[in-house]
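Here's a structure for you.
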Amino acid sequence: MLEVRNLCKSFGNHLVLKDVSFDIRNEEFVCLLGESGSGKSTIAELLMGLNKPTQGEISWTSDKKNGMQYIYQNPDRSFNPFWTMKQSLMEPLLLKKHPKKDALEKITAMMDKAGLPLELLKKKPSQCSGGQKQRMGIIRALLCNPSLLIADEITSALDPQTEQMIIHFLKELQSSYQMSVLYITHRIQAIEDVADRVLILENGCIVESGQTKEVLQKPKHPYTKRLLDACLYFEKRKKKKVV
Amino acid sequence: MIKKVVSLYGFVFVLLILLNFFLPRLMPGGPIEYLEGLDSGPVLTEEQKQMMKEYYQLDDSLGEQFLNYIQGMLTFDFGNSFIHKQPVTELVFDHLPYTLWIVGISTVFSLALGILLGLWSGWFHHKHGDRRLMLTMMALGALPEFLVGMILLLIFSVYLGYFPMSGASTPFLNTDSWWGVMVDSIHHATLPIISLTIISVSSTYLLVRNETIQVIASPFIEFARMKGIKHNRLLYRHIFKNALLPIFTLMMIRIGALFTGAIFIEALFSYPGIGKLLKEAVLSRDYPLMHGLFFVFSALILFFNALADYLYPKLDPRVKGGTKVAKDL
Amino acid sequence: MQKIYKLPAIIIVLFLIVAFIGPAFVPYDPFSYDAAAYLEPSAEHWLGTSQLGQDIFSQLIYGTRTSLLIGISIAACSTFLVVVLGLLAGYFSLADKVINGVANILLVLPDLLLILLIVAFTGGGIEQLIIILSLLSWPAYMRIVRSVVLTLKERDFVKASQSFGGNHFYILRAHILPHLRPIVKTKFILTCKSAILTEAGLAFLGLGDPNVVSWGSMLNVAFSQPTIFLDSSWVWIVLPPVILLAVLTLSLTFLLEEKQPSKVRMKKVEIHPIQGAEKDLSVHQVNISFDKKAIVNDVSFQVKRGEIVSLIGPSGSGKTTMARAMYGLLPAGVWSGDIQYDGHSVKNQDFANRHYWKTCAFIYQDARSAFNPLLKLKEQFLEVGVTMEQAIQAVEEVSLSKDILDKFPHECSGGMLSRALIALAFINKPDFIIADEPTSALDPILKKEIVQLLVEKVRAYNVSLLFITHDLDVAYAISDRVLSIENQHVEEEKLCHA
Amino acid sequence: MKKVLYLLLAAVMVLTAACSPSSENATSTDSSGKKVVRIGWQNSGFPSPFTFDTQGPGGFLRNSFLFDTLTWKDDTGVIPWLATSWEVSSNNLEYTFTLVKDVKFHDGKPLTADDVVFSYDYFKKHSFQWNVDMTKVASVQKVSDTQVKITLAEPYAPFITEIAGKLPIIPKHIWSSVEKPLEYKDNKALIGSGPFTLKNYDSTTGNYQFAKNENYFKGKVTVDEVQYIAVENRMLSLQNNEIDGGMTFNYTEAKKVESLGYKNLKSKPTGSAVRVVFNLNHEQLKDKRLRQAIAYALDRAAIAEKITGNSEVMVGSAGVIPPDSDWYNANVKKYDYNVDQANKILDELGYTKNANGIRDGLKLSVTVNATSQEAELMKSMLAKVGIDLKIQTVDAATFSSAMAEGNFDMTITGHIGLSGDPDFLRLWFSGKAGNSLAGKGVFNNEKFQELANQQLTKLDEKERKEVINQMQDILAEELPTLVLYHRPFYYLYNAKVFDGWFNTAGGIADGIPLTDNKAAFVDYK
């Protein structure tokens, strides 16, 4: 569906992305793994068209009806603090000239699905918890029926329990909305079960990619090994201790 | 970075130079009309007026006048003042030291006082002393310049007679010692300096206080506190240094305002500074004098602005290459 | 104290009422000259008369109208300019060049000069004054609005709205404008104040509109007759406009003052020894609540010498508050119970002086924000009272080069700073260390290294570590015991020691 | 907090204590046995004949301390000064002056007929700053070492006061080599023959220190030093003992200071006028009946009383020349305050009142040069007859260019020198001399212009007065201008320091109604 070929990007003299190529197929859950500074967010920005690549191209192979949507890292900042959640959630629909009533129905239905109480709609962002906000952020993005959803470190500000909940919510939605997800994170352990494929990014280069299980179990590239080792280091030690 | 500062200020400067020439000439009436409009001036004959026109080169075309002006600007020779019949450069340099003296000293005072009190107030934020001091300072800041000066003049000169009413020195003071001259000029400058200090101290104070409160709230101060550092070191090494950076920039920019604030005070105390000269120049349409004064004012203000932009990155190790300043510009 | 904050608003409303309807009720026309000169205040002339025999009270009321009219109109025009130009400059980079250029020039030109110049030949009518001052007073705040817009433009919710297809006008109006409210309010009030003062100043210099009475023109008239100061007539001629002017501008200034939280009273703290807590770190029946909202309830636990204890819990559960309480950083008013290190209570007045960085040390959440950006690391090491040799040794022990001490924090990577922070924590060999989420901002590889380093040093120096985290994996992996905060209580998790 | 305040207070006190002794020193500079008189006035420029400041009469007066003229004035009128006597030829064109012998300039060189001739010639080339119409002088000849003959181009009755009494005699040996007198600021430019030399001039502050000329030809100079101190506020400075004398317009002020033990010398003749100038080209104001209606509508006695604070004021003479002048026409038409009369004329002119009592068809404005209480009072007074008056304040230069362009309805201006020679009437209204003061709208009254020229030729005072009387009648009837009141000056001084002040008959030189006449310091009688 989406093809990225030989993407390069530099800011001034600093080369952030070096010859990055990958593709995302229909209804696929792809995970982009890498440490901060490895260029993950730059890729997201290029995909969204917020920045122009220095070299290379991004092309859609299937006809793209609704394009893509982006979910932001920090749920606190992705909602206008002066608006109620209802206003914020209605915004994309109203901008597309949906009637108010339809829009509200659609949102109510989604909220139910996400297990969020409807009272939240009357609240301001500051009155909702981080996990609630992030789920509503996902709902807002889905209201546009995107064919690709880019989730950029959407759980890094949340604790592990909430993280799990959100990832599973996303996975569920992915199948029911028949869309692809590009999930950007540095925490491997969270996406083990949900991601179809992983791309591993080191210093602006994709050093390894493949099916999730394959990559996680038999990493080829030394960086992947190191990263996996570090991520799973404490988990393994924990398992030894907990009854 | 320097290039950027220079090009920006260069542009502003060129514009100022143009404004400086055309603005005075756009004002209705000229120097001769001014003399004629006075209640107790002479009744000029046509011959006299013609002579003055020739002498002041007012019958030259605008182009010629402009060329003269530019030439003068380049050689720092602005010609002769119409009303003072004295070279403008000489006139400006006669008066400028007076203004620099009172503005300079009061700037030092108000900075020292404002920074000390501001730090102190921010440090004791939420305590009664801070509240009271802040209310006092805000009240001071809400008073107009002329009122502050007038009140001081009334109390200390008119009623108590501690200080002279006006002037920068006792006329024809009969003393040979430099000490006597010095004491005399301090004596005359005291009220203007106190007025100017009062006028400007509150803004410095409020600025320092806010900055201090912000800095105190920042994590590294909390961490420094956790390290068990002594109060003095915390206040002066950590808080002061961080709070001072933005204040420094603002102070540089406000120096311009100080000079204009001095106009009121100089008028009030008939202090022979540059402000009084300026008022006369504007009223009497003394073009050369206006050129000279505007030039000095704009050059001073521009200089301090540019200096602030230039020094800021040097003072803040984080700003290398002036990215922050460049953005602000 | 509380009522005082309403006072400015009340005064301003009173001024507004006087300005609007006052002139209809004044006893005399402000220009009428029928009375004798310099009459003292009396029943007929409440504030006496001026040199021309004009009733000062009536002039004062009319002056209020003039001043407020000028203040409000200029503030309105100027604020409008500030918002429109600031939005344009911040949002459209092309407009920015032009607007910012003009603003720079206006900022450099001394205002008063321009005002004098322009007023001198336009004649200082009220309309001209409003136009001139509005045109001159926008640049400073325009820059503030502009910079706010510049950051807002990058905010996620604005970008989101753009991706939903919101046009520029919609985004400026719906998303950005509401954020400017506090600035607009401040700007409006301050401009109102300075406009009133400027008008008074100009009128004082004789450059006001002679067709209306204003406080400044009253003062001008008064001061042009300096001999009124030779007897008491100045009391009723000069003081009333001065007082009104001062009261109005003061009220405007104080209108912006926010209500301060009521003062926390210093309570006399009583410290009781905790049973069996002469040694180790003891937390005894601690309750913490902010604004009557309980954070933790009745928490008691101990950390023994050489033990690593983790405190876990989801975000928002009060872990960090607990950490701060344990370091004695919370004000006495918000918590009860006691926390003691080897029997020394943190409630003790001089606990900080005697024990910080000696008995106990703290590892800050985010290494980058823990270091003062303006001081070299060397200074920040030496100020805890160690020698240069000790500092060098400390950084070398965390495998850093000693060159780092000569660097500023911004010249170091996050990993280096995290290591430096650990080095700093151990430099005085404290007995207890509290680490507040030291790994949450770190990438996995670095996190592993830092945690390993921390544990290694704790074991090496036989230090007690209270490790606060939301990362269960790490907590379980390194701790001797794990405590979890949930629903305001602290429970011990069962661990099986490998 | 309190501590800080106390500290501040203490700092101020220390400073005060450190400084106050010097204030005593400052006032005791004149205790060295010298007789010093300090007068308050603003900076009047470098007092050479070409560079003194013409923004007021101060410059001319400072100059007159250093330089002498052929004739001068004191309380008795015109007196001989450098000239002992003079004769006028029968055609009124030739004046022969006999000079005092052995007059010396400050540098010791003698002042001779050559210097007089040189001065007149030089001033024909380089005009004098003050009002002197050198076109009236045709030529100057040396008759002998002590005699000079001045030939006029046309008869000029006021020659003795207006030229001979004002033009300073400058030393030929200095000025003959000066090409650009306006730029000549050497100390030599100040060498004259006058009773004082300039010991010190601070151009920055505007303070002057004049020292007495020990060898003054006219008599002994009675004070050692005269200082002019530029103070902002003369009455308060007088009270603070920073000056020994100062002038004010304000009667209330003068009375208050007088009550504090200072002497008060009221200028007499008053010699000044505050007046309304009408734009004679204005569509409505060109009708003299409207101007007369305004004159009736203005309670000029009240204006004068309110503004000067004195109830014994001189209401403006409709014929411009003040009632206390020798040239005043006592029978000139008076416009006593009469609202009915004003309303009647206005109704006749067809300016009807609307429901609110305002005459819609008549919107007038008055342009003033600074804050003007007169205008405020006019506004109130004209409102009573239904005229809506707008006040416009502009600065001096804008003001006179508005007048020059005829860009006004009415203006208010003030003048001094009205008690001097009445030739000023010709100058104001002739449209020839720089008369933007009278408005460029020349007073086109043939009869008046004819009389104005005629009076110049009448050397006989009586005959001349006859003509001047007629001129006043025309002015009063036509009202090209309306004098509101004649403003007296009050000179307040410390009599212990110097008590020799007097009023000059007709004002110093061309009618300057100030007291600092150099003759007051010279014992010549």
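Chains: A, B, C and D, in written order; residue numbering restarts at 1 for each.
To be clear about the criterion, a contact is a pair of C-beta atoms (placed from the backbone, for glycine too) under 8 Å apart; a residue touches a chain by one contact, two chains touch by 3 or more.
Just so we're clear, the structure is a prediction, and the values are computed from it rather than from any experiment.
Engineer: Name the two chains that are joined by the greatest number of C-beta pairs in contact.
Structural biologist: By contact count, the leading interface is B-D.
Engineer: Could you grab the centroid distance between subunit A and subunit B? Build each centroid from C-alpha atoms only and quote it in angstrom.
Structural biologist: The separation of the two C-alpha centroids amounts to 56 Å.
Engineer: Any idea how many Å lie between the Cα centroids of subunit A and subunit C?
Structural biologist: That gives a centre separation of 35 Å.
Engineer: How many Å are there between the centre of subunit C and the centre of subunit D, using C-alpha atoms for each centre?
Structural biologist: 62
Engineer: Just give me the whole-number Å value for how far the CA centre of subunit A lies from that of subunit D.
Structural biologist: 89
Engineer: Tell me, which residues of subunit D touch at least two other chains?
Structural biologist: 233, 236, 394-395, 398
Engineer: Would you give the residues of subunit B that are in contact with at least 2 other chains, written as numbers and ranges?
Structural biologist: Within subunit B, residues 27-29, 128, 158, 267, 282-283 contact more than one other chain.
Engineer: So which stretches of subunit C touch two or more other chains?
Structural biologist: 120-121, 229
Engineer: Touching pairs of chains, all of them, please.
Structural biologist: Contact pairs between chains: A-C, B-C, B-D, C-D.
Engineer: Can you check the complex and tell me which residues of subunit C touch subunit B?
Structural biologist: 100-101, 104-105, 107-113, 116-117, 120-121, 143, 147, 193, 197, 200-201, 204-205, 219, 223, 229, 242, 245-246, 249-250, 252-254, 257, 260-261, 263, 327, 329, 352-353, 355-358, 361-362, 364-366, 369-375, 379-380, 383-384, 408, 410-411, 424
Engineer: Show which residues of subunit D lie in contact with subunit B when the two form their complex.
Structural biologist: Contacts found on subunit D: 1, 4, 12, 15-16, 18-20, 22-23, 25-26, 29, 32, 38, 45-46, 51, 53-57, 126-127, 129-131, 133-135, 182-183, 185, 200, 202-207, 209, 227, 229-233, 236-237, 240, 242, 369, 394-404, 413-417, 424, 427-428, 432-437.
Engineer: Touching subunit C in the complex: which residues of subunit A?
Structural biologist: 35-36, 48, 50, 69-70, 72, 74, 77-80, 82, 88, 91-92, 95-96, 129-130, 140, 144, 157-162, 186-189, 226-227, 229-231, 233-235, 237-238, 240-243
Engineer: If we count contacts the way the header does, which residues on subunit D are in touch with subunit C in the complex?
Structural biologist: 233, 235-236, 239, 250, 252-253, 256-257, 260, 302, 306-307, 309, 368, 370-373, 375-377, 379-380, 390-395, 398
Engineer: Okay, in this complex, where on subunit B does subunit D touch?
Structural biologist: 27-31, 33-49, 51, 55, 80, 83-86, 91, 94-95, 98, 117, 120, 128-129, 132-133, 157-158, 161-175, 180, 183-184, 186-187, 190, 194, 267-270, 272, 282-285
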